[in-house]
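Structures given as structure tokens follow.
Below, chain A partners chain B and then partners chain C, in two separate complexes.
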Partner chain A sequence: MSLRKILIEARLMLLGVVIFIWTLIPIYHLFVMSITPRVETFAGALWPSRPTLENYETVVKQGHYYLEHFWQQLWNSAFVAVMVCVITLVIASTATFAISRLRVRGGRLVSNMALATYLIPPAFLAIPMYKVMGVYGLLNTQWSLILTMVTFASPYAIWVLKQYADKLPYELDEAARIDGASPLQIFRLIYLPLMAPSLVAIGTYALLLAWNEYLYAFLLLSADKDITLAVALGHFLTTDDAPFNVLMATGAVYALPPAAIYYVFRRYMVSGLTAGAVKS
Partner chain B sequence: MVAVIDVQAGEKAPGRLSQEAIWGLIFLVPYIVLFLTLVIYPVGYGLILGTNPKSYVRLWTDPVFTRTIVNTVVFLGVAVNIKLFLALLLSGFFAHEKRWIRWLSVIFILPWAIPSIPTILSFRWMLNAEWGMLNSLIFRLTLEDGPNWLLDRWSGLGMISLVHIWKYLPFWTLIMLAGRLAIPKDLYESADVDGASPLQKFFYVTFPSMRNLYITCTLLSTIMSLGDFNSIYLLTGGGPADSTQTLATLGIRYAFGMSEVEVGVTTVVVALPVMLPLLVLMLRRMRKGEQP
Partner chain C sequence: MASVSVEAVRKRYGALEVVHGIDIAIPDGEFVVLVGPSGCGKSTLLRMIAGLEEISGGVVRIGERVVNEVPSKDRDIAMVFQNYALYPHMTVRENMGFSLKLRKADRGTIGERVKRASEILGLDTLLDRYPKQLSGGQRQRVAMGRAIVRNPQVFLFDEPLSNLDAKLRVQMRTEIKALHQQLKTTSIYVTHDQIEAMTMADRIVVMHDGIVEQIGTPLELYDRPANLFVAGFIGSPAINLIRGTLRRDAARSWVSTDAGIDLPLNGNIIGQDGQAVVYGIRPEHLSPSDSDGLPVTVGVVEPTGASTFVYADLSGAQICGVFSERHGFNPGGKMHLMPQLDRVHLFDSATGRRLSA
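Right after this comes the complex of A and B.
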């Protein structure tokens, strides 16, 4: 190994250390604060003199005014996320099957519309969406949040799935038709199994999108028993003397499930989503 | 049996075609219903709410609005460009085939994989002027008070951009990495044969191959960052004194903070002349990439 190679390696290492620190700073801070006892809250220390799990205990036992409905809210987050995942998968897989495999008339128009919807920043639609949910009588119910998130998840889902669906050999469908398969059978027995990897990627995408949503959850839901954990975290900000350590512990609990899910399905996510996100 | 006969009768057999067409429509109905009820209707509703001339007068005479426009432009200009340039550079780093770099990439993706609310709140607390970790550290090292990171318009916007970049850099790096790995290896090999330096390889091989992707990313990221609500709302809340609002948060402030729904919608409508061309440009690019 020449000196030059060692130098290059050292430079890479240095860059690696910088990236490592940059990535972990706020996560480290969140973790440290969540294990800092409340008496040391305002010390601003890099590591607490007496690390403790008392904040997590407070969260689990719902031992604070802000956390009275913690388990209910955790359940709400999970319920909304799973519903959004399932409904998005149903809507996007049926739509792409019709567009890409059955080549239904007007399919191209629909996929163009979906793509245009994908490019609308959700925050820009917040006010009219709120009004429309009022018209439908869904305000302050979790279905308003679920449907809204499905609306924002499915355009991207359709776009990514369509690209994969277009690549499946068309002869498969033809062969099945010759054997007398109905479109419904082709969908169930050929399309869904072959699309499974990208369905996993899209399902994970929709699940995480819904779990992480803050703005719409906080606009559309209001009762303490209905809100998701994301909104509950935001509530801590309403006062200046909020128990920040407990907030950080709650945040850590809230962040753990999506992180775990992401890493379990990472294989699918990276190939599935980067292929769809941008084509040069 | 029917299907067999139809296939033998040829492509234009009316029975089969109509059966397929009917099924196609049935499969398409769920999305069309969703699209009409929850995209077309709210968009139309919004456009109608945004037709009141008084709202426009109200906006142009509100100093907060003009300041917000400037903020939005600065935020997009700074955050999007720094983020994507860093992503381009880092994609080169992560393209190295080394075990420890692969492990680092697993950690590097964390900001994107975990929800933004806890991490933004963590930033917010860390940057607190009086008792945040950063200023405590500065005080311990220099015996002087650190700056009021979030209580000043420009440093507040700077911190918002920082948080935004922290959150979204991994995603764009992944995209750029995918683009970089798609560059044919023999281009680099022949550059090596010609004795090109790493810098030359970047300028004459990497960048030309990725220029198109880079532009697409810039457009897409601009549109998406325009809608970044969390980085502003959860970090500074648009404050102090509404000095760090952007278009994503200002509409919400009018509509839900001040009960001026029409004015809130109008802030978005005002952005349409800039947004629509971006959107059309982006649509064209994505469509083109789709059919190889």
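Right after this comes the complex of A and C.
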């Protein structure tokens, strides 16, 4: 390897290290505080003198004023996220099948308009959305949050899925038609299996978008038993002496499911299932 | 098995008409090849027969039934695509059995038909593999297997061999022909390769710019091309075409080229003295002679072993000759090439129509 290559490699490595540390510091901070006893919370040590799991115990046993409904709220978060994921997948997969495979008239316009919706930041729509949900009588129900998050997740999901759907060779649909498949059978037996990797990727996106949502969850839900954990975490900061170490322990628990989902589905994030379908 | 009949079929995309009223009658069991340069409408015609394109005008019949409005799945046809179009998430077995599964055939029947088709095609050891684990030729065979399993009325082939390398193409060509001789299912085969057309077809349909130029057996097209286009398209290396003027007097006819060379004709021609014509002679119908015939200067000599290709200059016109005997050709040397007079094709220069009887 020439000196020049080594230099380039070293520079990339250095950049990688900086980004790695930059990303890890907050997580490290969160973790350290979550295993620090209350009295030492702001000791500023890189590692607590007496590491403890008592904060986690508090969380799991709902042993704090802010954590009275911890398990319920965790369930709320999970329910909302899963519903958003499922509904977004149904909408996006059927929409892209219609646009890309059935080639419905005006489909291209729909997918372009889908992208245009991102010209408006979601926060701008907070008040209108609140009003709409009020009119529907859905305020303070989790369906208001689910529908809102589906609204925000679907356009991107349609856009991305369409890119993948367009790459599936159209001859597969034609071959299936000649083999005797109806559009629904093509959707179920050809389209969905071949789109599985992108569906997992898009499903993960929708799931995490809903899981991480704060603004709309805060706005649309108010009862302690209805809110998601993200909103409950925010409640910790409503007093001056917030119990930071319990907050961080809750935060760590809250961060586990997304991390696990990423880990489990990481192989779906790369596609390649279509290899061998046609000669490219 | 069934006959296929195409009557005055047209295809329009908006205002643009790409297929201009085509008539072809294909009897039951025949192997017909649609051949023509790209953009001639042959694939579009095949896709209309398959039901993948709407028919803008005319009638397509399979058997006695008009199928214009019948969806593909109910036409009882099978199609082999250029890029195979195998379902990548299914094994060879599942690919081949897919159509039967959709028709709710019981598992025993599916297994038996898949087994029989795979034995015919030599795929029996590959049934549990996925398409991506197969070579190009094997994939092509699976695509054919998928068609055979159905036992359809008609096979449609859309340039099935163009993705294979040259050697495999020749091999598969023979296999498809042997398969047709065995199954005797009516087949319509689209290709742009005239050698494929010549070697495989019972009858060839030569298409050009959305019309049929000529329909006939391979040898009819070779021996009596109806016009300049067919003459130029069929045969390899291509026919020599030399522009000139038809001359006739009481005793004989000949063609006089612009460079002033006289090309010999026999009597069997229609046409007037002074008519602008194109004189066609295939490379294999020229023979070297000492003093008679066309005076040429030898350019490039290409021996292939079995025969020798000679490219020569006839006063500015490029002439190709193919000889199975091994003459000693010298690049740059002068010689004469004598056309076989009964093999000369004469065409009207303006209309392209055949003038020799």
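Structural remarks
Here, the second predicted complex is superposed on the first by the 244 of 280 C-alpha atoms of A that agree within 3 Å, B and C clash if a C-alpha of one lies under 4 Å from a C-alpha of the other, contacts with A are read in each partner's own complex, and residues count from 1 in each chain.
Everything that follows uses one rule, which is that a contact is a pair of C-beta atoms (placed from the backbone, for glycine too) under 8 Å apart; a residue touches a chain by one contact, two chains touch by 3 or more.
Every value quoted in this text rests on a predicted model; they were computed, and no experiment measured them.
In the superposition on chain A, A:119 makes contact with chain B only, not with chain C. Among chain B and chain C, the chain that touches a larger number of residues in chain A is B. Contacts of A:94 after superposition: chain B is touched, whereas chain C is not reached. When the shared chain is aligned, chain B and chain C each come close enough to touch A:180. In the superposition on chain A, contact of A:194 is made with chain C only, not with chain B.
Once the two complexes are overlaid on the shared chain, A:262 sits against chain B while remaining clear of chain C.
When the shared chain is aligned, chain C comes close enough to touch A:171, but chain B does not. When the shared chain is aligned, chain B comes close enough to touch A:33, but chain C does not. Looking at the shared chain after the overlay, A:141 reaches neither chain B nor chain C. On chain A, the surface patch touched by chain B in one complex and by chain C in the other comprises residues 177-182, 274-275, 277-279. Only residues 1-4, 7, 19-21, 23-28, 30-32, 34-35, 37-39, 41-43, 45-46, 49, 90, 93, 96, 98, 100-101, 104, 106-111, 113-119, 121-123, 125-126, 130-133, 135-137, 166, 170, 174-175, 177-179, 182, 210, 212-213, 216-217, 220, 223-224, 226-230, 233-234, 237, 247-249, 251-252, 255-256, 261, 264-265, 268, 271, 279, 282-283, 286-287, 289-290 of chain B touch chain A when the two sit together in their complex. Interface residues of chain C, counted against chain A in their complex, comprise 50-52, 71-73, 77-79, 81-89, 98-99, 102-103, 130-134, 136, 139, 146, 150, 163. Chain A meets chain B in the complex at residues 12, 15-16, 19-20, 22-27, 29-30, 32-33, 41-46, 90-92, 94-95, 97-99, 102-107, 110, 112-117, 119-132, 136, 147-148, 150-151, 154, 158-159, 162-163, 177-184, 187, 208, 211-212, 214-215, 219, 230, 233-234, 236-237, 244, 247-248, 250-252, 254-255, 258-259, 262-263, 266, 270, 274-275, 277-280. Interface residues of chain A facing chain C in the complex, by the touch rule stated above, are 169, 171-172, 174-182, 185, 189-190, 193-194, 273-279.
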